[in-house]
Amino acid sequence: MSITYLEAIREAQDRALAEDPAVFIYGQDVAEFGGAFKATRGLCDKYPGRVMNAPISEDAMVGTAIGAAIEGMRPIVEMQFADFSSVGLNQIINQAATLHWRTGTPCPITVRLPSGGTPGSGPFHSQSMEALYAHYPGIIVLCPATVEDAYGMLLEAVAIDDPVIFCEHKYLYYHLKAEQLPDESLPVGRARIARAGQHATVVAYSAMVHEALLAADQLRQDGYEIEVIDLRSVKPLDTDSVLASVARTGRLLAVGEAFPWGGATAEVVSRVASEGFHLLDAPPQRLNAKDTPIPYHPNLWSVHRPTAGSIAAALHDLLRL
Amino acid sequence: MTQRTTDRLSSETARRDAFLAAYRSMLYGRVFDDKLASLYRAGKIVGGVYLGRGQEAYSAALAHQLRPGRDVYAPLIRDQAGRHAFGESLLDAARTFLGSASGPMRGRDGNIHRGDPQNGTLAMISHLGAMLSVVSGALLARRLRGELDDCVGAACIGDGGTSTGSFHEAVNAAAVEKLPLVIAVANNQFAYSTPNERQFACDNLVQRAAGYGVEGHTVDATDLAACLEVFEHAVARARAGNGPQLVVGNLLRLAGHGEHDDAPYITDAHRKAPYAGDCNVLARDTIVHSGWLSEAELADLQTQAQQEVDAATATAQQEAAPDPATQSWVALFTTHLAEGEAEP
Amino acid sequence: MTQRTTDRLSSETARRDAFLAAYRSMLYGRVFDDKLASLYRAGKIVGGVYLGRGQEAYSAALAHQLRPGRDVYAPLIRDQAGRHAFGESLLDAARTFLGSASGPMRGRDGNIHRGDPQNGTLAMISHLGAMLSVVSGALLARRLRGELDDCVGAACIGDGGTSTGSFHEAVNAAAVEKLPLVIAVANNQFAYSTPNERQFACDNLVQRAAGYGVEGHTVDATDLAACLEVFEHAVARARAGNGPQLVVGNLLRLAGHGEHDDAPYITDAHRKAPYAGDCNVLARDTIVHSGWLSEAELADLQTQAQQEVDAATATAQQEAAPDPATQSWVALFTTHLAEGEAEP
Amino acid sequence: MSITYLEAIREAQDRALAEDPAVFIYGQDVAEFGGAFKATRGLCDKYPGRVMNAPISEDAMVGTAIGAAIEGMRPIVEMQFADFSSVGLNQIINQAATLHWRTGTPCPITVRLPSGGTPGSGPFHSQSMEALYAHYPGIIVLCPATVEDAYGMLLEAVAIDDPVIFCEHKYLYYHLKAEQLPDESLPVGRARIARAGQHATVVAYSAMVHEALLAADQLRQDGYEIEVIDLRSVKPLDTDSVLASVARTGRLLAVGEAFPWGGATAEVVSRVASEGFHLLDAPPQRLNAKDTPIPYHPNLWSVHRPTAGSIAAALHDLLRL
């Protein structure tokens, strides 16, 4: 048996629906059709009435989920693409995220954002929006990079009594496969050493973990062992694991697919600079997408985001510093 | 007495009782608002103070139809009377305006941003329109659990709030789900300073109902009896499974947008218009003319309201303010996943 | 001939000319779409391909009323026919689907996300509903400069798009400003897989018009003559200063949502419904039955369209793709304020 | 004569309207009423038809401005509070910000955001949203800290052919005064040395500049000369000026009123760590608001955001590192 990242997301939702009657799914085309990416295929038949099509109303979708959460439900909202969550952002950052601190009422909603670039998707179907949500208090932001995490972290997301933004990467949907689903996984909030090394640390998350691993393969040919840390969760961000890695390697490159100003890479680098300054043997570096909208054409797209090649180049530079 | 006479008398009694109960909340709302205004002028309140003056009948009449503990209620900024009718304690209201740590919002949020979501009163966020879909979600949850029964949810909104995308998405989605959502639009002619003509172009916002496929109702919101009737009907329709009900009440805001605003944009012409009547005065007149209460009884009621309001604000003023040192600076319920500071 | 006969004949001639002109765009739209579909199946197109099959009459009839260079047009994903009628070159369309660096979007954006904003064709963003207020803004700009004259702006949207808050805010605001905005809702029964019943609860979306205080019109969008008539009327009303016009056309999408979608949710019942007719076939029948063109002439037209479409796609396929090395990676017009990379 | 920060904003709009017929103002209550803060008082009478009330429709307000900008106008949109711009965010980040790169059409809109906390304003009338907008390509984000900059930078904002998010601070509206309006000012994109020093650099912007200056006063009593850099613009961010200051002082504290995850302070610290690592004599530090919604009660609020006191404490810590 082999299971894709996308199937893992479907399986996690299936299991969440099976195990907890409080779980339901709300989103555009998620019912009979199974969603734009088929992440909910078959669930509507299997759990009648609990997988519901929404109008094209992201604000209302999130608001509805919040109201249901107040009443003890555990809704999963599927955004058709992460990019359209901008229209539901207000309900997320101001309603869901403030509910518990203001009123003491938990808000266990999970908002699934099919995120990140794929060739030909262009400016409005490719975005990585974790930075917007992580900036606001009261939200957990998860960015699974593996099939196992897509499954395990989504199950955890649904179980958490706080709003979770679940950034699943569309580029990984079909390409990434695992032999089986995990029984256990690292808890949310803990980073993972995706590859151990000693000469430099790459901190990445989501699809960039795989580009970083490929880059590490390349650098191995030059005799460098690169450690790759998969953040898994950008908020909370597991600073301790990052610092421990930098303590081993002395060098840091933070890689993200999002836009360059702010975001997870700035947060990682500035935390390490503040808390692990003396662990660093060289200036910590960042690699992000370019500061333009995400281009449609694959030629442009493949240069716009970091890739194994550009990460390897950045690592070579870092190792020379 | 014939059966018919008994029925008529008992329905008249019911009408009188409803009227008096709602009036009581209107009075408490007004007295509380007046107290707030004077505290504000005395510099005793930090932040904004928004009053429901002129909107009490509409506000109380809606809440009068709701059952605390069973129905869901999302009041807005001018719903002191409705909150009272839905059972909110004056003390909790006073605490929130006065920043007491013992209030429901513990000083974390203030004034009108209060509620008790798990018990059916949502705590509004400021972004207009945003509460409607939350009410829908609460109703949907009950339906999914098979516990909807004859519950309704009521969401309050102003004329200005109807222009938000959030309002539209919520009403449309509730209509698709045929949820028992009662949307009470208080058209008080202005959104802050902006008059209806700059807010929408239809003659009456109730014309929106057909476009959503929901039932629509209008009412002279200065007239308590009419308000009671329209909400009795609308709420009953919602309870009976007829889907969302859009109620539009016409009135004039008899105050500034907030107490910082002397509302120069409200002209004499507005103040002479039919929607400009003071619902509290009119309701009181009805009570007197109907002989339901004597002047003396009404004066007693007023005194009682005044005393309770004074007591509530006095208590709230004496209560401790929140202490930053012992405060939990953790926004998450799942505290171990919080970044930064730990629980104190 | 009497004057009346002359008038009738010339108005008949005008009707025939309009019909044939619009049909020509419908045909070009269909042929282009078919070409796209086959290129997509052959793996020659990266990204999505969305077709206007079934919507050509509605799309072309609207654009036929617009004056390129004067009016503003915001086509959406199924408006290949309308774009053609508004004067878009087939080559520019092909370039955008095929990622030519010479196209209007230079490979930066693709497929349906194309336009030439400064010359009146807005380049849609994907977020549904978001283009309407942009059209309003363009009209407002002209009014502010005293250059509005009899210009109109037309914005296209689907049944699903009407559920967005953005749609609502824009229609309401345009109504308040009484802008000459024509909103063309193509109700093709589905939003992706979601049927009307899960999208809205009114009988006909035109019922929304009254709630916005705008004029509303409905049309059988499979019928080109009806479409021409309704848009002639609506656009004329807008030009004459009667404010926004909400037009709702009924049709069936005769394709998947995109070419990746085989649309299992469209059932036989839908395909037999009155809205399911193929507007192109029906229009062609009318032309033949009215004797406006012969079968041979129609075949020539088809051949010509095919040749032009083939030529456009062939040219676009041969053109250079964008070169990342010579690309300007600066999003700002004010390049010296850009962070990161400088102009190449 | 003395002029407040708020009056400067009004004056700048007055001058922009006077000098360029393409300028107009659109926002809630901005016409006869002069806006919730009176930033447009009198302008509606003075420029008939060019100061227009909008319905409560932030999405449409921004969309309308974009359409007008396409036609060559230079709209100023007033958000009633920055916090409500979340509802117009989609039009800003996806429509305005992408327009030029996608189509070559400039998009000269200015969106004014009355930002930042004041006592008693609570979670929804106190936010500093610069990080959300600065994260997206194609947007300029300005945060004036002085009366002079409120004036000069707003004039520049209106003249710039790109979308500008103008974050004006409500706490400074009435309290900050200047003797007169400037004839010239530093160009947008350049930071300013608000106070020269040698022992440490505080990088701040908007209201935090004043807290930092007060903190610097306190530290002077202990013999430390603190340099305070006023960023003025968070995007573009004047890294060179920041680095030059750190080169002088060897120590960096970045202070912001926004939430702690990501944002301008992370960007500043990570840039300095990357590009000026060897200039640093101590780990660079950050001070932000707390990671909760902004509290209503003044007791809580004054602890939630950085203040002169907490900045001084952070500086003492930094000087001991």
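A, B, C and D label the chains in the order they appear, each numbered from 1.
Everything that follows uses one rule, which is that contacts are C-beta pairs under 8 Å (C-beta built on N, C-alpha and C of every residue); 3 or more make two chains touch, one makes a residue touch a chain.
None of the values given here were measured: they were computed from a predicted structure.
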What chains touch subunit A and also subunit D?
-> B, C
Name the chain whose C-alpha centroid is farthest from the C-alpha centroid of subunit B.
-> C
Let me have the rounded angstrom distance from the C-alpha centre of subunit C over to the C-alpha centre of subunit D, please.
-> 41
CA centroids of subunit A and subunit C: separation to the nearest Å works out as 36
Chain centre separation in whole Å, for subunit C relative to subunit B (CA means) = 45
Which subunit C residues touch at least two other chains?
-> 105, 108-109, 113, 125-127, 163-166, 169, 172-173, 176, 198-200, 330-331, 338-339
Two or more partner chains touched - positions in subunit A | 54-55, 57, 59, 83, 86-87, 90, 94, 97-98, 101-102, 123-124, 137-138, 235, 237, 261, 290-293
If each chain is a node and each touching pair an edge, is that a line, ring, star, complete or other?
-> complete
Touching residues (chain side subunit A, partner subunit B) in the complex = 21, 24, 49-50, 54-55, 57-73, 75, 87, 90-91, 94-95, 97-103, 105-107, 137-138, 140, 160-162, 188-189, 235-237
Report the residues of subunit D in contact with subunit A in the complex, numbered from low to high.
-> 83, 86-87, 89-90, 93-94, 97-98, 101-102, 123-124, 131-132, 134-138, 235, 237, 254, 258-259, 261-270, 272-278, 280, 282-286, 290-293
Subunit A touches which residues of subunit B in the complex?
-> 72, 104-105, 108-109, 113, 115-118, 122-123, 125-127, 130-142, 144-145, 165-166, 169-170, 172-173, 176, 330-334, 336-339
Residues of subunit C defined as touching subunit B within the complex = 163-169, 172-173, 175-176, 178, 197-203, 205, 207-214, 243
State the interface residues of subunit A toward subunit C in the complex, per the touch definition above.
-> 28-29, 32-33, 36, 53-57, 59, 80-81, 83-84, 86-87, 119-125, 260-261, 290-293, 295-300, 302-304
